[in-house]
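Both complexes shown next keep chain A, but they swap its partner, so chain B is in the first and chain C is in the second.
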Partner chain A sequence: MRSFKMAQPRSLAGALAVLGGDDDKVRALAGGTDLLGLIKDRIAAPEMLVNLKGIDGLGEITETARGLEIGALVKLADLAEDARLRVGWPAIHQSLLETATPQLRNVGTLGGNLCQRPRCWYFRNEHYDCKKKGGTRCFAHDGENEYHAVYGNGICCIVHPSNLAGPMIAQEAIIEVAGPEGRREVTAEAFFTSPDEDVLRENQLAPGELVVRVILPPASPKARSVYVETRERQSFDWALCGVSVVLTMADQEIEAARVVFNAVAPVPLRRHDLEGMLEGRRLNEATVDKVCLAAPLGANPLEQNAYKLTLMKAVLRRALNRLKESAR
Partner chain B sequence: MPADRDDSPGRESNQNAAISRRSFLKGTGLAVAAAGVAPGRALAGPGSDQEEVPVFGPGPVPIRFELNGEEVRVEVEPATTLLDLLRDRLDLTGSKRVCDRGSCGACTVQVNGRAVASCSILAVDVTGQKVRTIEGLSSAEGELSPLQQAFVDHDALQCGFCTPGMVMSCQALLERNPKPDRPAIAAGIAGNICRCGTYQNVFEAVEQASGQGGGK
Partner chain C sequence: MSRDPQTITIKVGFGDQVRELVVTIGEGDIPPYQVGDRHDEVGQRRNRVDAVAKVTGRARYTYDRKGAGMLYGKMLRSPHANANIRSVDLSKALTMPGVKAALDFVEVFKDRSARYAGCSVAAVAAETEAQAEAALDAIVVDYQVLPFAVTTEAAMAEAAPQTGRGDDRNVSARGLRDGESAADFLARIADQDQAVQEAMKGQTVVSGRFSTSVQTHSALETHGVVCDWDGDNLLCYCSTQGTFGVRRDATASPQLRARNARVVAEYVGGGFGAKFGLGREGVAGALLAKRAGRPVRLMLDRREEHVDGGNRPDSFHDLSMAVGRDGKIVALKARNWGTPGNGSGGAGARNQAYYAIPLVDKVELNVRTNAGGARAFRAPGYPQGIFALESLMDMAADAIGLDPLEFRRRNDPHPIRIHEYDLGAERAQWQKRRNRNPGAGSDPIKRGMGMAATEWFNPGGGGASCLVRIMRDGTVEVRNGAQDIGTGTRTVMGMVVAEELGLRIDQVETFIGDTRDPQGPGSGGSTTIGSLTPAARLAGYRAAEQLLGLVAGQTGWKAEDLRLRGGMVVRKDGGRLPREMSFAQACALIADEAIEVTEKHPMVGSGRNASANYEGFADTNSGLQFAEVEVDTETGKVRVLRVVAVQDSGKYLNPKTAESQIRGGVIQGVSYALFERRIMDRHQGHMLNADLENYRVVGALETPEIDVVLVDVANGKNNTSVMGLGEPPTIATAAAIANAVANAIGARVTSLPITPRKVLEALAAKGRKR
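Take a look at the complex of A and B:
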């Protein structure tokens, strides 16, 4: 691996001071499970890493009046074992169990998961000067694109790699960001950004900014949530298509719905149209049939990935059926 | 979990240590003062507005950790992975390098009891931690551990290349869940790929080692 210096701040202020703002030269290091791969593959060549692991106060999960507050440095394995998360935010919990491998969850962090770079094989190959690396072409568009986006793929066809991103949006998470200018909060939905906003990045963090915390507002006692994904292998694998569904029930009727697909677009794909179809209806077979049929509406598949349209219907059906059964 | 302050890489509490963190920093002249950043903001923790952020590398930096029960002190570049250190410097070649990207599990070791892909963490990040490799499972006399013996009894290996990592994942699993059922074993070894397809035998070996039948 290309060599680099390492800064070891003890405080957030120290980390922000050394980060500076030149992403190419100085990068934050959390667990390193994504960043080290990028450096080995010569996609990133930072001169210095800023090790976030020594910073006090970013590794805790606390319950406050605002909900569950999860520090950016909390390891995925620890988060997956948190009973409060399992009970209160099941879609996020379930997506964690399907994230990467035990070895990687023992090291990888929440902040790193949300800020990981895409897995597109052209992006990850140093010999392809693709748009995401500042070049002029998206090689996946007319190339090998079986794992790529079926929505929003006009500029760049990546799918957002994070399992957690979709359920975070479905469960209305708030992401707290710190930078040289101070702190700000942004909804998970606004955090992830599409290639037409800036093809060089996948979220709205400015260079030198850090995710410090994720806040999960308390879910309504009437809400039920679920995460379902499909993949090629039974053991760990990237999702081919996943969906998070949150339904707020009033008696037998769906009062409010949130439906967010992952692995089908460069950002998690929230589907207001499907949500509208669910709201005000009973969660029965007829509703499930109707909504699932509409799941791939608006998709624009590439040469090798039209199968994802079928998967969208399938994961949504499984998700709604699970919620239907748990409602009994 | 934030690393203990005294465990930070490059720091030596031993007065006789050749290089203390401070002198190392003076040597490189790279410490960055964080003072004056974000004045008046809620960013700075108590006392941290005066923080001098230590910077070390890219050259070797002293680290210290526990490896298979013994203390190790070495100097490593920050860009050295734990797997590089184990195999290339410490001559512990049981942990295998296959993908070097966290996706196969052949390099699995335990850090503080947990299974970790040693190719995907930095050696400086195990400062002050307890690392166990496949070499640390058998007794000093070379007697196999019950888990290793169960792998032998159940032919849970063919070419053997995935085996050290597979055994370490199973070891970590058993320490957290002494009686795993099949789904728990499958989840425990989900990050270990065996192209020879020994999974069935691995299930049986883990069941034997955990006293749940599977015996031969």
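Take a look at the complex of A and C:
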């Protein structure tokens, strides 16, 4: 593994001061579960890492008037055990339980999870100069693409690797970012960047910026949420397909719906069309059947990944059925 | 009772299948363990002697050897799937910080070809790993890049690029004509066997295309060495399953010219067939150490291990089987092909095995590709061939309306397996757990059960010796220089000696994995215990004989009346001795420091006719596996709930380690059935999943309940009556799982691994047929 220098700032301001310059040369280090792999695989070659773990105030979970505020350095394992999250934001809680392994959750952080780089095997292989690394070609598009995107795959076929990204959008999280220009807030939905916007990155962070906090606005007492995913192997694997569903119920009727798929597109895929089909209806078998049938609409599968369309129907059916059963 | 000192009558068999055999045993050998023998230590469930050292991390593997003054060796690998090397320039690398030696493999191995991405082309040794890596970047290689074919399909295609060199063709097969394509050849020989053609007429014929994927060994410890020289003598710690083979390679190597070599592998983190010989990495490690005048550690990383550490070839099978009205197999036609990568070996799928098949027309094609070479892998050729055969067996049973178990029984000539059908069916609850209506019902989760058979043939061979040393203070050492790759060899070697000395396994010290000790076999073909334990038992027996001779000399008792048991000298007939004498008191009579006995595995006959084995109850050992699965028809996910493994393996010396061996085989089989496959890129020819993330290996959550049923057979083929157990438990697992999936969903997945994608595709195809 290539050597690097390490900065150990004690404050956010200190970290931002070091980070400021060239993104490729100076990289922020939290849990390191992704970044160290990138360096070992020779995909990233930073000269300096800025260790964020010494910064106070980014590792807490607090309940405020705005909702649940979660510091970017909160470890996934700790977040998964937070009772407030489990009760108030079930989709996020459930997705955490499906993330990686206990060992990785003990090290990986919330901020790092949201900002991790894609797992595409062409991107992760130093011998492939793909578009995401500044090259001119997507090798997956007409190559080995069994695990790749079935939506939005015209330019680059990655699927967004974060389990948490989908439910964060479904549960309307706000992401607080700090940078040289100060702090700003972005909705989770706006945070993730699709390849047609900028193929070189997966989120809206400008050079020198960091995720510092995630704010989960209080969920409506009428809301129910769920996360369902399926994968090849149960012990440590990435989702083949996952879905987060949040339904706000008025009596028996669905007042508002959010449906966000993950692992099917380069960014979490929010489905306004399916949400529209749910809203104003009762959550019954007919509704479930109808919406599930429409789940793969608009997909553009590649040579080896059309099976993901079936999986979209399967996870959506399970998610809706679970909400249906919990309503009883 | 014996007519000749070496011709004796023994009782062999199991259960009520016992018979007497008159056998001629080797000179100096003792009668095999046989039916009715009583043992105190052998046959007991004993923990492996190194269990605590392993789980506490005290056991030192090659990978753990790190010491002061040691350099790190690293290899440079070709980024091209097919290339010739024009030149390698080490000059800049040699000036890099910390670099102490560098090697140009064109010069070392006299090979200019780099016929797969990841082929090693140069190496360096430096003070730190990072320095070694940096130095690799400074090596300049001039490649002549050539077109490539990395998959079996691509290399078989018309006008495929030549993957090898010289006259090597991509496809080789007996009868293949010059210039003939694989497709033309297969068409030409389609009906070549008239007898099979005739026999199939009027019978029920089932046919199918089956395939399996390339599986890498993925041992926990990668290949590698830690090498140190003392003058011309090499000390080589090596992660190997053949210490003496590595030693031979080191002294025979024209590059190394070691006068002597000592190879040490006290603990080995798995081998599975990929770790015979010194290999390029071993030669490079030793040569770097020689050039640098410093110890060098050169271990492969995980990526290198996948790409360059060997694999099981993939396989494609076009099979047809004809079955008569009586449920007997009439004929089998098999066309197979697969790739051993750039290696020269064959793909060798075994699907004509076990069953009584009167007529077989089999043609196999070996396909050379630009990918890492195959190496022996736990039952080479069997899991892939048996998956295809046993899938077809179920299809045939279905076609003639017979229960698959009954169909197999009718065609099975094996004397032990015939008995295992009932045993397994009962244990697995075959009748109850079979899905009577595959695929039916509204629940998306379907259950099913399937089965498959296994067989192996190795009672061990010669080439093994064991040293037993009884010290005057009562310490007992049992020594052999071969390795224990995790199978329990060390433990059972100690147990058979302890038995002869009337001790428990924890009262003897066992030493293994150092070529300074007596010779031992490479651990391949399931031979280690069958080769080694007869030598160990004999050495223990002779050592006991010497000790009892001393006792007799001192006490006036008759040596032939005595034996050692329970830590005491006792009378064979159970009568009382005039006074008690413990094992330790007997040892105190040793006049020198120790009794030392080295015995070889006894042979019958000599020269070319020499045989390491006797006529026994059966020449092969058999087994059956039953798998129960749950298939989620919406997500395509298969969960293996339970595997029942019925297995005979001659005499079980230690049922506990034997069961572990079987569990390991089943776990690896589940992994092969559901997950493992090498994925090659079509654009640039790299293995894309050379990691343990996308190369999925079974984990704890995918490991089923494994119910092992040991069938203990006094086989009599050697003095410990054992048969090899390394490979047979992994042969049937994937086949049984595939049959269980078909039984669950009413659609057959004909390709391994059985991924969600393939399950969903099989279900969709079934839906279309309706």
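The definition used in the following text is that the second predicted complex is superposed on the first by the 328 of 328 C-alpha atoms of A that agree within 3 Å, B and C clash if a C-alpha of one lies under 4 Å from a C-alpha of the other, contacts with A are read in each partner's own complex, and residues count from 1 in each chain.
By our rule, contacts are C-beta pairs under 8 Å (C-beta built on N, C-alpha and C of every residue); 3 or more make two chains touch, one makes a residue touch a chain.
Bear in mind the structure is a predicted one, so any value in this text is a computation, not a measurement.
**Q** Looking at the overlay, does A:Glu232 come into contact with chain B only (first), chain C only (second), both, or neither?
**A** A:Glu232: touches chain C, not chain B.
**Q** Between chain B (first) and chain C (second), which, if any, makes contact with A:Arg2: first, second, both or neither?
**A** Once the two structures are laid over each other on A, A:Arg2 reaches both partners.
**Q** For A:Phe139, using the defined touch cut-off, is the partner it touches chain B, chain C, both, or neither? Pick first, second, both or neither.
**A** second
**Q** Where does A:Val107 make contact in the superposed view: on chain B (first), on chain C (second), on both, or on neither?
**A** First partner only, chain B.
**Q** Go through the superposed model and pick first if A:Ala13 touches only chain B, second if only chain C, both, or neither.
**A** first
**Q** Applying the document's definition of touch, where does A:Gly31 land relative to chain B and chain C: first, second, both, or neither?
**A** Touch status of A:Gly31: first partner only.
**Q** For A:Thr310, decide between first (touching chain B), second (touching chain C), both and neither.
**A** After superposing on A, A:Thr310 lies in contact with chain C but is clear of chain B.
**Q** Of the two partners chain B and chain C, indicate the one touching more residues belonging to chain A.
**A** Result: the larger residue contact count on chain A belongs to B.
**Q** When the two structures are overlaid on chain A, which partner does A:Gly57 contact: first (chain B), second (chain C), both, or neither?
**A** After superposition on chain A, A:Gly57 lies in contact with chain B alone.
**Q** Can you list the residues of chain A that touch chain B in one structure and chain C in the other?
**A** 1-3, 234-236
**Q** In the complex formed with chain B, which residues of chain A make contact?
**A** It comes out as residues 1-18, 29, 31-33, 36-37, 39-40, 48-49, 51, 53-59, 73, 75, 77, 100-104, 106-107, 178, 180-183, 234-236.
**Q** Of all residues in chain C, which touch chain A in the complex?
**A** 79, 117, 129-130, 133-134, 634-637, 674-675, 679-684, 686, 688-689, 693-694, 696, 698-702, 755-757, 760-761, 764
**Q** Inside the complex, what are the residues of chain A that reach chain C?
**A** 1-3, 119, 121-122, 125, 127-128, 139, 143-144, 146-147, 230, 232-237, 240, 304-305, 307, 310-311, 313-315, 317-318
**Q** Which part of chain B faces chain A closely enough to touch in the complex?
**A** Per the stated touch rule, the residues are 1-3, 5, 8-10, 30, 32-34, 37-38, 41-45, 48-49, 51, 53-58, 61, 77-81, 100-103, 105, 108, 111, 114-117, 120-122, 124-125, 169, 172, 186-191, 193.
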